[in-house]
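Letters are used for the chains, namely A, B, C, D and E, taken in the order the chains are written, and counting of residues starts over at 1 for each.
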Amino acid sequence: MTTIISITVLGVLILFLGILKKQKWLLPVILAGLVVSMALTIMDWNTFRSYNNGMLIVDNVSVAFSTVLIFSTFLIFSLAAQYYRGVQRPLDDIYGVMIFALVGAVMMTSYGNLIMLFLGIETLSIALYVLAGSHKEAITSNEATLKYFLLGSFLSGFLLFGIALIYGSTGSFDLQKISLFVASCSGTYPPMFLAGLFLLIIGLAFKIAIVPFHFWAPDVYEGTPTLLTAFMATVVKTASIVAMFRFFTHTFLGIHGVWETTIWVMAAFTILLGNLTGVYQPNLKRMLAYSSISHSGYMLLAVVAFSPMSNNALLLYTISYSIATITAFGILILIREAHGNDFFTSMNGMAKSNPLEAFCLTVAMLSLTGIPPLAGFMAKYYLFTTALEKGLVWLVIVAITGSAVSVVYYFKPIVAMYLKDPTGVQLKVETPYKIHLLFMTLMVIIIGILPFFLIGLL
Amino acid sequence: MITLTAIPVHYYLLFCSILFCIGVIGVLIKRNALLILMSIELMINSINLLLAAFSAYSNDPAGQIFVFFIMVVAAAEVAIGLAIVVLIYRTTHSIDINVLNKLKW
Amino acid sequence: MLTIILILLPLALSLITLSLKKEKEIRYFVLTGALIEFGLAVAAFVQYKTSCHCQLLFRADWLASMGVSLKFGMDGISMLLVMLTTFLLPVIIMASFSHSYERPSAFYSLILLMEMALVGVFTAFDGLMFYIFWEMALIPAYFICAVWGGNDRIRITLKFFIYTFTGSLFMLGALIYLYSRTPMPHSFDFQWLYLVALTPTEQLWIFLAFFLAFAVKIPIFPFHTWQPDTYAEAPAAGSMLLAGIMLKMGIYGMIRWMIPICHQALQQWGTFAMILAVTGIVYASLIAIRQKDMKRLVAYSSIAHVGLIAAGVFALTIHSMQGAMIQMISHGINIVGLFLVIDLIEQRTKTRNIADLGGIALKAPRLAVFFMVILLGSIALPLTNGFVGEFLLLLGIFEHSVVFSAIGGLTIIFSAVYMLWMYQRTMLGTTNQLTGQIADLTWTEMATLIPLVIMIFWIGLFPGLFLDVALPDVLQILNFAK
Amino acid sequence: MFSHYIFYFLSIMALFSAVMMLVSKKPIHSVLFLTLTFFAIAGHYVLLNAQFLAVVHVIVYAGAIMVLFLFTVMLLNLNNDERSPKPIWVKVIAFLAGCMLLLTLIGVFRGYDIQSAHDPMTTQIGLVKSLGRILYHDYLIPFELSSVLFLTAMVGAVLLGKKEQI
Amino acid sequence: MVVLIPLFPILGFLILGLGFRTIPKKWTAFIGPGMILLSFVLSVIIFLNIRHSVVSLPINLFPWIHIGPLNIPFAFLIDPLSSLMMLIVTGVGFIIHVYSVGYMKEDPGFNRFFAFMNLFVFSMLLLVMGANYPIMFIGWEGVGLCSYLLIGFWFKNQEFNNAAKKAFIMNRIGDLGFLMGMFLIFTTFHSLNFLDVFEQAKGMTSGDSNLVAITLLLFIGAVGKSAQIPLFTWLPDAMAGPTPVSALIHAATMVTAGVYMVARSNILYVLSPATMAIMGLTGLATALFAASIAIFQNDIKKILAYSTISQLGYMFVGLSMGAFSGAMFHLTTHAFFKALLFLAAGSVIHALGGEQDIRKMGGLKNAMPKTFWTFLIATAAIAGIPPLSGFFSKDEILAKTFEFSSGIWFIALIGSLMTAFYMFRMLYLTFFKDFRGTEEQKHHIHESPAVMVIPLILLALLSVFGGFINIPSVFGGNTGLSNFLAPVFAGSNAVMEHETPLSHGTEWLLMGVTLAGVLAMVFWTYHRYITRQHGLSPDDARRSLPVRLISHKYYVDELYRAIVVKPILWLSQMLHEIVELRIIDRFMNGLGTMVVWTGNTIRYVQTGNVGFYMFIMILGIMLILFFNILI
């Protein structure tokens, strides 16, 4: 609750700052505010409260994932100064919308009622429609926002239909009551309820970008301004998968068998398709889009496996994925700035001209591939463990195959940076930015080496 | 008041389903972003009605509250959607969804 | 404690190396470091008491909730391989001195990093640690080969990486599966993993996953196609690391994992694995006969030799296992020697093409002698290291299956055929423009080669020291299979 | 039975105008037909004794949203936008897909049986009074948070609609 | 003390080898032969000692390979058999070393040569002294290596290198058999030590399949090492090495290792009659085959090489009859006279500046009288003219064959006559009539220096008197050698069923027939080559088919090339180009390509068209609902 309030206040504050034309204050205030709200969030640890008749539930899961979301946003905002370096227009609206999007995301982690879920999703989505189109002159940005909007609202129609059906069969939006209904069904569920369940899953799957509802992701990621793509790829994905996960943990524990197969198949297809399609991409941004799709598939593993360990696995996975992805986007911003595009060829020989940046990107890529001892490995390992304990052998085999395929594209930037002849362009990077990149890289390494904290958390 | 024989809830279900499907068909066959948006509104309305029906028949106000929220959200969505449509129109002078096809593969 | 120092020292050295600038400084620093590491390994060897298992244990909690701990130690098998690693590293480092690589600090730092990972793999007594170090070895290897390699390096090294990475991912899957089958609370400790009782079907799957990982690493026919290309494209140090030490990881894995854990599957399906290994021996030997590039020839010869080792492991007899242990060491020494000599020739003549060479013995008799000695070791002449290993291997395989032994024994003939062919074409005969002015070995180069030669004869004459170290542990591992 | 007739009438009207919305060539006609549909739906709300919703529906949809649509259509001067409509086979497939979906949904609803069914005409839940109490009591948080949504939409609409250089 | 015997040569090798550039030739000339002399002296002492002791025990130096039941100590076994071999190896070895000092004087690789020769003696000593099969195998392979190094001693010439390689590889084929034999011995007896194995073998029944297999496998090793059919072609080629090498390695010692090994394992062989039969047939066939080839050869060393093969065949025939001491006797005398032949031939070659074709020689009798006389003695010895050593030893084998079957005796006799024929042909063509070489060569002809001649004379003496160590009883002799070796063969003799020994009368008769035949040959060849000047036709002269066949060595080399070498090379090429590159590589790359191709194909699903996306999503939704709810 405090989280949502503090972030909302922060957003309003930003808008006021914009009105007062204090552009220089924006980022410091945002970063400070995010730190504060992160602190407030963490203070809720172990309180386990539910607000307003279970409308909002603050438990450790929500606290942990809210922290992840706020932290990711913090990291993304740290990239903003560099990204908007030459921009003259006031940025308070973009920042404000981003922060409101974060509110939506936080709602999705701590909802106790489908209304809250719906509101969270819509807040997040509407903010994202705006953000995707925030680069108004760029036709790609326009296209991105149109595609995202049309597909997003179309799919939220189905999500709503799902909620309606669930309501129709259970008579409530409250997760607690729904779970009571599930318990009362004792094995046989009315088809309407099941249809609602699946439509709800589909609606969330769209946000997470799971096959076959992933189509928006590559196009929208590519068109969206890079900084906001980072936001989409991390915060949105985390929030949505947590929403889905929460839904299952709270409500549908009993009917694991019903949705298991579907999620299983979707996860397998997502992993395969994300990785296979990523192979041929010539540019980093689109490659990262497919990478994010494939990672959605891995995250689904935690959902399918669905055990007490899944919480932790998902937490670790989202953190390591988010940090590595944000690092990659951080480098991507630099490359875009210097070259005007983000083809792998633009990165040729970067290791010579910008060794630090090259190193950071390499670590990020290796972490996403899942090479020990980086965070990505620990996350994947934990996930596979969770899945195998549930006996999901084939899914793990698919995941492993996918990981193997992913090497092909994750190594493209590495190969370009280290093994190709330099392009002769030096990326201009400011020191704070460098420190930030290095910080994230170190995080990736440290989480990989010392993951106790995260693993024992939930 | 005249006592009326209750309409079976299934009628509402059927009606809403048909309306929903018309909306879906509209989304699928139209190329005009505006009309697609309208079709989506149609879908949402059918859901609203469905919820209201459920709510009324089970004598539970939550459904109607939800409809209220959906309307709120729909309004916001339409506002953004129309802003986007206008934005697109400004850059491409068209609101045909197929014109914007740069991002692919 | 010594064990963990052995792992951490190279890491520390590697980080320090990165900060050094002057090439000369780097070289001496790295060499000294590697020698200190070797000294520590020798100290460990001295402390090591044969006959009881897993000593010099270091244990610390890491992921206690996951049953993962930092458990490092050495039993005889580890001891031997750690000795091999630490012994070969200074040699490999010295062998690189004659090249002036671009960005030397990165190069040597990666080599040291690799040493850390290798020592880690061999000393890990925790499944996940094993895997982590296993993968960590891959990254420096990849970069060493990819950055400082030959022309076609990008494609080849990526192929190498994907191959081995895919294989090891399946190993990870198998390890996790085993872990999930340990009694609650789960543990990755070797001892626990060994005790997992698996159904035959599970064993088969685990067997396949392990086999894939190790077969790619070793490599066993037909998973070997990355290997000749990679060896040919890698820089000298890279080839040496890959062939000399990294390959042993695969065999070590087989001994460590496959025998204790999937023994039933091994007994049932081991024959198929053996068929592959033995096919590989003949196949690679035959192909080696017509190779034009010296490095490729040695690469194929390596496939043949390690095929025999793998067959020996699958044979599951004490002799073949001990043979495999000895032959791992011998093969490491011999192949590093061969690559070293080839590198020396290549530096002098700028070619590895056998047809372009000849008559080097006339101009560089010392080189010729060293080459001959190493070559004899690798074709398993008695009293050299190769013989002890191959004798035991073939004997062990013979006890298991006469046919495999006979076919595997063909390596004795074939290795003579291709090795002598190479020797004849490069060293003997008359000189040509390329070899006419070739210089003989310098003292530094001799100093690099002499330790190898000493080891070749030492192991050949007194293998007892090495055999005894590993015997109790090998016996224990074989007990699992019974 | 009277309510049945009203139901049939409203339903047919809604469906007819919905279909007309799809088939009419001019966007402006579509908008008007959609408005008609919305009115029919408002009638349904009344029929369900959900007066509050009926009112809100008319205000929000027919009043606000459809006007926005109309404005946009006029602003963009979209007279006959379907210059190159989708090929016929797409339409056929879309229609078939819609029908399939309908069949699926019917299949889903087939076994539905509401527990403790109430006559909608007799319930009082749809009245403003009862809904208002619930809205400001049980659903306070979502109600408050919807302000964030609106704020976002507002800022976003301005952000997208404003004409300036980045 | 025993340890010192092999130690001296290896010491010599190390000194000469490690410092092979820096040590002056003069020192080398002392170190090289000196080390062998020391060994020889020690061997003699051992020999003298051993005559009085009855039991021979292995001398353990250190454990070599020791794993559980597999215990292979580095141990020597000194018994009469090994003692005899040590004498031959060091004795003949020493003589040849001395000879080499003269022969190799001008060679730049002088030190290297002696280093290798010392190494050879070391290996050979290991071979004969080893107390178990693996130690024997060390020597076995070691001599192969030295043979390789020495055949290819003049390594500038790739032909020589090829010959060296061929020798090594053919030996290795045999070695594989040996190795397998060892393994089978181990699995059968759980030991590889001679004494253990033989002790256990005594208790086994004759014809035990394991034993047959063991002996056959070991015999394969012997075939390779002793150049029997089918692995004999390396030996003629091995003549590429310097002549002392041919004398020492390819005549006197190394090639007889097979014979030694069989004699050493006599008990095993005795118990496997099948192997004995195969061995006998092989030996007989080889003896005849090689002899027939020798008749048409013109290269002086090649003739000697084929002669060696043929004589080795006799030894195997002898072994197969169970005449182990007879074979060893022939081995000994053969070492003397064949070494002598080679050295004398070397002397001739030396004098002619490298010429080896006997058609271009002739009339050397006067220019090189000492060489001539020693050569003559050796020729007579090998031909079996009494009372030279060859007569006794060969006669013993022939007598044994007659005991077994008169048919075999007859075939062996023919071989022996052929020996006389080609040997005297060579003698006549080389030393008689006029010189047929170039003028330059003619001026160059000289008798060899003393350092070469003295060894010739020493060997000639041995060839003359060597036979007396084992005079058969028919001459009233005491069969000294047989008695000396008897303890070694005691076990086999006990097992073997004895044919009734030939009566003295029969023996006299056989000897008479043989002698008559040999003398006839001597005169016929004289008539043919001296009087009628046959055999000088050049290589391309037209000949009848059988002659052509034989003079081309039955096209065995060509046959091997066609059925072994070519297919292997072809297979290698095929495997590399087709299996490796086209199938495996392509398959593995194909997997990668497939991944990339799939990626490239399915990325086109991402059409960028929103309508299409919506279609797919609807489809997905319907599928999910359909499968989960309606089914």
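In the analysis below, a contact is a pair of C-beta atoms (placed from the backbone, for glycine too) under 8 Å apart; a residue touches a chain by one contact, two chains touch by 3 or more.
Quantities reported herein were computed from a predicted structural model and do not represent experimental measurements.
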In contact with subunit A and subunit C alike are the chains E
What pair of chains is linked by the largest number of C-beta pairs in contact?
B-D
State the chain with the largest centre-to-centre distance from subunit E, centres being mean CA positions.
D
Where the centres are mean C-alpha positions, what is the separation of subunit A from subunit D, in Å?
31
Averaged over CA atoms, how far is the centre of subunit A from the centre of subunit E? Could you give it in whole Å?
77
Gap in Å, rounded to a whole number, between the CA centres of subunit E and subunit C:
37
How many angstrom lie between the CA centroids of subunit C and subunit D, rounded to a whole number?
71
In subunit D, residues with contacts to at least two other chains
86, 90, 93-94, 97, 101, 104-105, 107-109, 112, 114-115, 138-139, 142, 146, 149, 152-153, 156-157, 160
Indicate the residues of subunit E shared as contacts by at least two other chains.
592, 603, 606, 608, 610-611, 614-615, 618-619, 621, 625, 629-630
Touching at least two other chains at once: which residues of subunit B meet that condition?
20, 23-24, 27-28, 31, 37, 54-55, 58, 60, 62, 65, 69, 73, 76-77, 80, 84-85, 87, 97, 101-104
The chain pairs that touch are A-B, A-C, A-D, A-E, B-D, B-E, C-E, D-E
Considering only the defined contacts, which subunit C positions touch subunit A in the complex?
62-66, 128, 131-133, 135-136, 138-139, 143, 146-147, 153-154, 158, 161-162, 165-166, 169-170, 172-173, 176-177, 179-180, 205
Considering the complex alone, what residue numbers of subunit E touch subunit A?
592, 595-596, 598-600, 602-603, 606, 608, 610, 613-614, 616-617, 619-621, 624-625, 627-630
Interfacial residue positions of subunit D with respect to subunit B in the complex
1-4, 7, 11, 14-15, 18-19, 21-22, 27, 30-31, 34, 37-38, 41, 44-45, 47-50, 52-53, 56-57, 60-61, 64-65, 68-69, 72-73, 75-76, 78, 81-82, 84-86, 90-91, 93-95, 97-99, 101-102, 105-106, 109, 112, 114-121, 123, 125-126, 130-131, 134-135, 138-139, 142, 146, 149-150, 152-154, 156-157, 160-161, 163
Inside the complex, what are the residues of subunit B that reach subunit D?
1-7, 9-15, 17-26, 28-32, 34-35, 37-39, 41-42, 45, 48-49, 52-62, 64-65, 67-69, 71-80, 82-87, 89-90, 95-96
Which part of subunit E faces subunit C closely enough to touch in the complex?
20-21, 62-68, 70, 134, 137-138, 140-142, 145, 148, 152, 155-158, 161-162, 165, 168-169, 172-173, 175-176, 179-180, 182-184, 186-187, 568-569, 571-573, 575-576, 579-580, 584-585, 588-589, 592
